[in-house]
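There's a structure below that I have some questions on.
Each chain carries a letter (A, B, C, D, E and F) given by its place in the written order, and its residues are counted from 1.
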Amino acid sequence: MNDDVMNQLKKDYLYKLMLENKRADGRNFEEYREIEIQTDIIDKAEGSASIKLGNTYLVAGIKIQPGEPFPDTPDDGVIITNIELLPMASPIFEAGPPREDAVELARVIDRGIRESKAIDLKQLCITPGEKVWIIFIDIHVLNDGGNIMDAASLATTAALLKTKIPEKQYQLGNNNNDDKRLPIRNIPIATTATTLENTIILDPTNDEEQIAGTKLTIITNTNNTISAIQKSGREPLTPTQIQHITTLAKEQSQKLREKFLEV
Amino acid sequence: MNDDVMNQLKKDYLYKLMLENKRADGRNFEEYREIEIQTDIIDKAEGSASIKLGNTYLVAGIKIQPGEPFPDTPDDGVIITNIELLPMASPIFEAGPPREDAVELARVIDRGIRESKAIDLKQLCITPGEKVWIIFIDIHVLNDGGNIMDAASLATTAALLKTKIPEKQYQLGNNNNDDKRLPIRNIPIATTATTLENTIILDPTNDEEQIAGTKLTIITNTNNTISAIQKSGREPLTPTQIQHITTLAKEQSQKLREKFLEV
Amino acid sequence: MNDDVMNQLKKDYLYKLMLENKRADGRNFEEYREIEIQTDIIDKAEGSASIKLGNTYLVAGIKIQPGEPFPDTPDDGVIITNIELLPMASPIFEAGPPREDAVELARVIDRGIRESKAIDLKQLCITPGEKVWIIFIDIHVLNDGGNIMDAASLATTAALLKTKIPEKQYQLGNNNNDDKRLPIRNIPIATTATTLENTIILDPTNDEEQIAGTKLTIITNTNNTISAIQKSGREPLTPTQIQHITTLAKEQSQKLREKFLEV
Amino acid sequence: MTKPESFITNGIRIDGRKPEEIRPITIEVGVLDRADGSCYIEHGLNKVLAAVYGPREVHPRHMQKPTTAIVRFRYNMASFSVEERKRPGPDRRSVEVSKVSREALEPVIFTEYFPKSSIDVFVEVLQADAGTRTVGINAASVALADAGIPMRGLVSACAVGKVDGELVLDLMKEEDNYGEADMPLAMTQTGEITLLQMDGNLTPEEFEKAIEMAQEGCKRIYEIQRNALIERYKRDIETEEEPLETPEEEPVEVETVVENEAEEETSEEVESE
Amino acid sequence: MTKPESFITNGIRIDGRKPEEIRPITIEVGVLDRADGSCYIEHGLNKVLAAVYGPREVHPRHMQKPTTAIVRFRYNMASFSVEERKRPGPDRRSVEVSKVSREALEPVIFTEYFPKSSIDVFVEVLQADAGTRTVGINAASVALADAGIPMRGLVSACAVGKVDGELVLDLMKEEDNYGEADMPLAMTQTGEITLLQMDGNLTPEEFEKAIEMAQEGCKRIYEIQRNALIERYKRDIETEEEPLETPEEEPVEVETVVENEAEEETSEEVESE
Amino acid sequence: MTKPESFITNGIRIDGRKPEEIRPITIEVGVLDRADGSCYIEHGLNKVLAAVYGPREVHPRHMQKPTTAIVRFRYNMASFSVEERKRPGPDRRSVEVSKVSREALEPVIFTEYFPKSSIDVFVEVLQADAGTRTVGINAASVALADAGIPMRGLVSACAVGKVDGELVLDLMKEEDNYGEADMPLAMTQTGEITLLQMDGNLTPEEFEKAIEMAQEGCKRIYEIQRNALIERYKRDIETEEEPLETPEEEPVEVETVVENEAEEETSEEVESE
């Protein structure tokens, strides 16, 4: 159980470490924790991946079903992204409708995929104006070890890369062979930094998040452009800090992307 | 108003009676309270019945409307069962969305009807895959005198036996004569027992329910087979207790069914 | 911030004034505050009006979209009226689903329009039984200075008088000229009185409403008939009081209507 | 249901009533055993049940008032009470009806006797056929008396409507659906009006006359409410005279059906005025 | 998915099992680091995670009980766990499953040790393939033990069904969808039944036999649960023997996969009974 | 609305602005009399109202913080503010906008002065035309000052976007709908960034330049906010000089329309940079 006194001690301890240029788990400030991704773990889903980013553990599942397009984009497939901060994942998460953190996480993940044009939505049209493929991205957070944003982004991209369109199940395919893969055009990767006093660290743990000021997430694409940014938290950032984080994000996402493409 | 002290006294009194092989209302352990069923009491409904089971008083109303079938059973009518534990029925019921007790009651009643194949759903198809009859079973509990389960089951079956399909109203009938009756194939009856220390009693009153451990409901059919079972409550049961209750249920439901068919 | 003591002092003060035949803002008992109406203030809406009735400030916006008729009136357009008592408008309003005051206000405004046949719903039919124009009346209350009912009624009528049907936008018009106006047949006006001890005053401020007993709203039409009445509040009224208010309403609404038609 | 060609033929309405005649009313008092007070009314084809709990502790606590009881009123229509099945739970109409019904009853309740408490009134419409809010108020008023809540008197409610240009008392369904006005009104024994709503179209003169007609209707209904309570009271006295037959702990609720023809006759007298 | 022509051919079910054989089960204990206890089970194609928090303070406060802990149980299916995407959040089915699962576990928990507290059990179904409520109870039972909640013993759950007129243990999806009966049951170590539900069609004789079969299934599952906990306990002891490698503040959670073939063999022994 | 063939022709945008020009802004301070502070802004075609209540007691109580005030922010779009009627009540977008807007303002509020209190900010979008969240923050910032909430300074917000491959300040609707990037940013007087979001596609170099442009935009908006407050302050002083005309009890709120052309001119100066 959490205890206010314990928390204060924990904070003091982490601050003390910071001053000595150290983190509690021995990482460098710009180092990610170990990452373990497994794909195709849910047979019932059209695509899926679990990720362990340090102690953070979540599953992204992709379901695809035919449905109606939005009126203003009658020829485009639809993406619906949802994240569940399950009460099993942390003592502070509660059952119930998604709270603002969950809404923010889902919307940023969604923007990363949408704005990077990761999925070719035009190819998901079945009958223009009437029927398109609906991509449901559902992320279930099972253990909050911190930095859910990057973990969710990585798992989602990993799952999308393996996702197949269930043409046969819905008798909507043109060929009689295997279901074709989702048309992926880009690989967006989120990199999140946080400020601790004047230090910037990447991939914060949940303990670090508790004492951190503000997080800045940069989602970068294969060609190094940026497709989404989100500042989250009540401390301000200076332009210099932002510039610094952008540079770190560029480097880090490149590393993660390489790791990914090997998956 | 309820009072903790009063409740404790009541409990002590009921326990004392138990030890003397008695119940507060003078019944045998395996005896039901007096039952009074009235059918066709709501003109606006396609079928209806009220029941007084001792002080328990409720009304089951059946509405039938055309609608869409479920995708996985395109040729079957649809049953939707709902129970309202109205705040007028007990000082502990509250207005608002159904709580777990109401959900459990409705789902067990529903399973009894569905699994016993009481209604021939195939005959409720209007246009295969497009339009079927939707049977809405709504049970409104007006006074909770205990054993709502059995009362609701009896009232529902009684109402279904008198229900007519509103073919004329929706201009969907084939003949010009009277509306035809709902095709009933079976008469499921719920029998509920509860344990009080080592005693088993049938048809508990609400006072008895308050001190009871666990209820076991057995829904039996015309041919004496069982179509649904539900244990409800936090005390465990032994296999011997379960077997004993099953035997009682078989006898009791036969009696109730005979009474019913005379309705 | 509100303070119980301040409120009591305020009440005592207002009562004292009443006894001297005075109101805090110097008005006569049967006098309305200054009214300022602006129409066509929201370009995105098909019709709109803001009103300042003393300190009461609200906006009524009319949106029109094609949609399905109600099954029992297949050839009639549909009116949907909603009022939002925004938490910005008063320290006692809260965010969330509409509470009973908001529901009551919306429903009375709606009845006034509907029962006076202010809008010719037959003319809003596009394809009988399939497609009609849906009129969404949304009233956003920005500052509660009292007598929201009359302000909302005036703003709504003012907005409706200027509303155009978006035939071109939905490619549903017959002519190629300008969108035609909503067919308005009547100009219903609400007049609200409240009782303060034995005195009757019109157009109460929010301070007066706090100490008032009961409000009575009379909605009258162009030809002086009454199309809606609503008593709201827990004090009873005598038939004499009702008759008196009806007479006042007749006079007052005539004045307001004249003012309106000049708009 | 289709609109009849005419609502009044030779002074007789489509259900055989005269313009100022109310529908037959049956009242049972004390029909529920868990509630502190209850009442079942059949009024024409309306079937309405009311139950009262309280004064009791208020939940949630922050709704408590330090100097008075709060009155809560929940009007609810059963899903099967109307032609088209109603989805369970409150809709906007029932929220409004609950509000005005509560305000119709509050003036006669001595809420100041029970600070920090609530008096909860529940009305369940089992079958609806026009006028359910007035029937609900009538039933609730009797149920409050049955619960022993201290009151200044009963509240009685009745609607007046307009069909074929003529004012009629106590609209039934067809008259309500296709009529030209509907005005429900509730009244205390002393003639004070505690509920008043109207929709449709009335001239000021018609409105004045409608109020008078509604008041007459309320008086008729008051008599029926009163008799039902007396009948119930009589029963209690009779019960006390034969104490040996009733178990002491749980007094049996014998239901009283107040269906005496005398009242129906009286209500016809009113019509011929 | 279409109905197979027959479910049992030469005594063998469509997935190769014998009638009284349970599906392969894999249990991992302590897989989550935030929860006080946790357990991951793969049971056939079901993939289910359980986590336990508590005893901890109850929110909201008014749910506190002065003399005992309350147990809360939330069964949840992931949106992607089933064929047709499930809308997030509780539906009526999950409300009922949560209730009966809670009641299946409460009897073995010493709730009286922790007045005013709550013990919160969360079950997440990542992939569903018939029998998820029994798998959830099995996982929750192990997670409660992992959380160090004082218990009278483990609870084990298993379903019996009927296909082709024959009773079979532990239904898989096709058997569940097209079968004739499904009866989940949960049992304490001492043989007391804490969950019992049934739907379908059973004669009284079949029902009696089904109870016996389910009890045998529960006993097999109990062994697997027990071994997983022993394995976990062994690891903790081994960890203690090498204290230098583990940081003192945050003990690393090494995951244990209890997939030992011994158990699978034993479960086949049961089948051949 | 259809996509224009080109967004910039001869250095001029479709609404006549230069790339680094903001839309015309009009600010009125103190427009509501119930709220403790308020502000109405017209920014291009956007029409946005902000109101502030507080510091005041927190309801529900459990949200109170013992050492600081909580800030709550509710961004709401009127149903009629957009092309397609918006259903009343919060959707996912408004939940996110409310969160980031609150975080944009919190850094400048001395919340520590008001333990256990709340400062409640309400933003109502009456007409939307791209950039409503920045307009809402600008209005809220002025309304906080009008409410007399102690602040380190104002917050100013502005968006930068990309159309036809070129960065432009303060997108209007067509540019937002069909543009290539949108980056709203909020800034304190001292240049610290309190809100930053982006979606679309920017190279790192473009991003760097976009930040600079947004900062310039914020500086321009800050001047307009400041002038509006000065104007309002002047009025109060003037009012005090003529105390006889104002009733003592309820000071009349004279609305100030800060529409002075000076500012518009200044903002054009910026464009020509």
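Some points to look at:
In this section, a residue touches a chain if its C-beta (ideal position, glycine included) is under 8 Å from a C-beta of that chain, and two chains touch if they have at least 3 such contacts.
Nothing here was measured: the structure is a model prediction, and the numbers come from that model.
The distance from the centre of chain E to the centre of chain F, each centre being the mean of the chain's C-alpha atoms, comes to 54 Å. Distance between chain centres (mean CA atoms), chain C to chain E: 59 Å. The distance from the centre of chain C to the centre of chain D, with each centre set as the mean of the Cα atoms, comes to 30 Å.
In whole angstrom, the spacing between the mean C-alpha positions of chain B and chain C is 48.
Annotation for chain A: no residues touch two or more other chains.
Looking at chain E, no residue sits in touch with two or more other chains.
Taken pairwise by the contact criterion, the protein chains form one closed cycle in which every chain touches exactly two others.
Contact ring, oriented from chain C toward chain F: the chain order is C, F, A, E, B, D. Residues 31-35, 38, 45, 47, 49-51, 53, 56-57, 74, 76, 78-85, 88-90, 120, 122, 124, 126-128, 247, 249-250 of chain D are the ones that touch chain B when the two sit in their complex. Interface residues of chain D facing chain C in the complex, by the touch rule stated above, are 92-93, 95-96, 98-100, 102-103, 106-107, 183, 188, 191-204, 207-208, 211-212, 215.
Looking at the complex, you find that chain C touches chain F at residues 1, 24-25, 41-45, 48, 55, 57, 59, 61-63, 65, 82, 84, 86-91, 95, 97, 136, 138, 140, 142-145, 206.
Chain A makes touch with chain F in their complex at residues 98, 100, 103-104, 106-107, 111, 114-116, 214, 216, 221, 224-239, 242-243, 246-247, 250.
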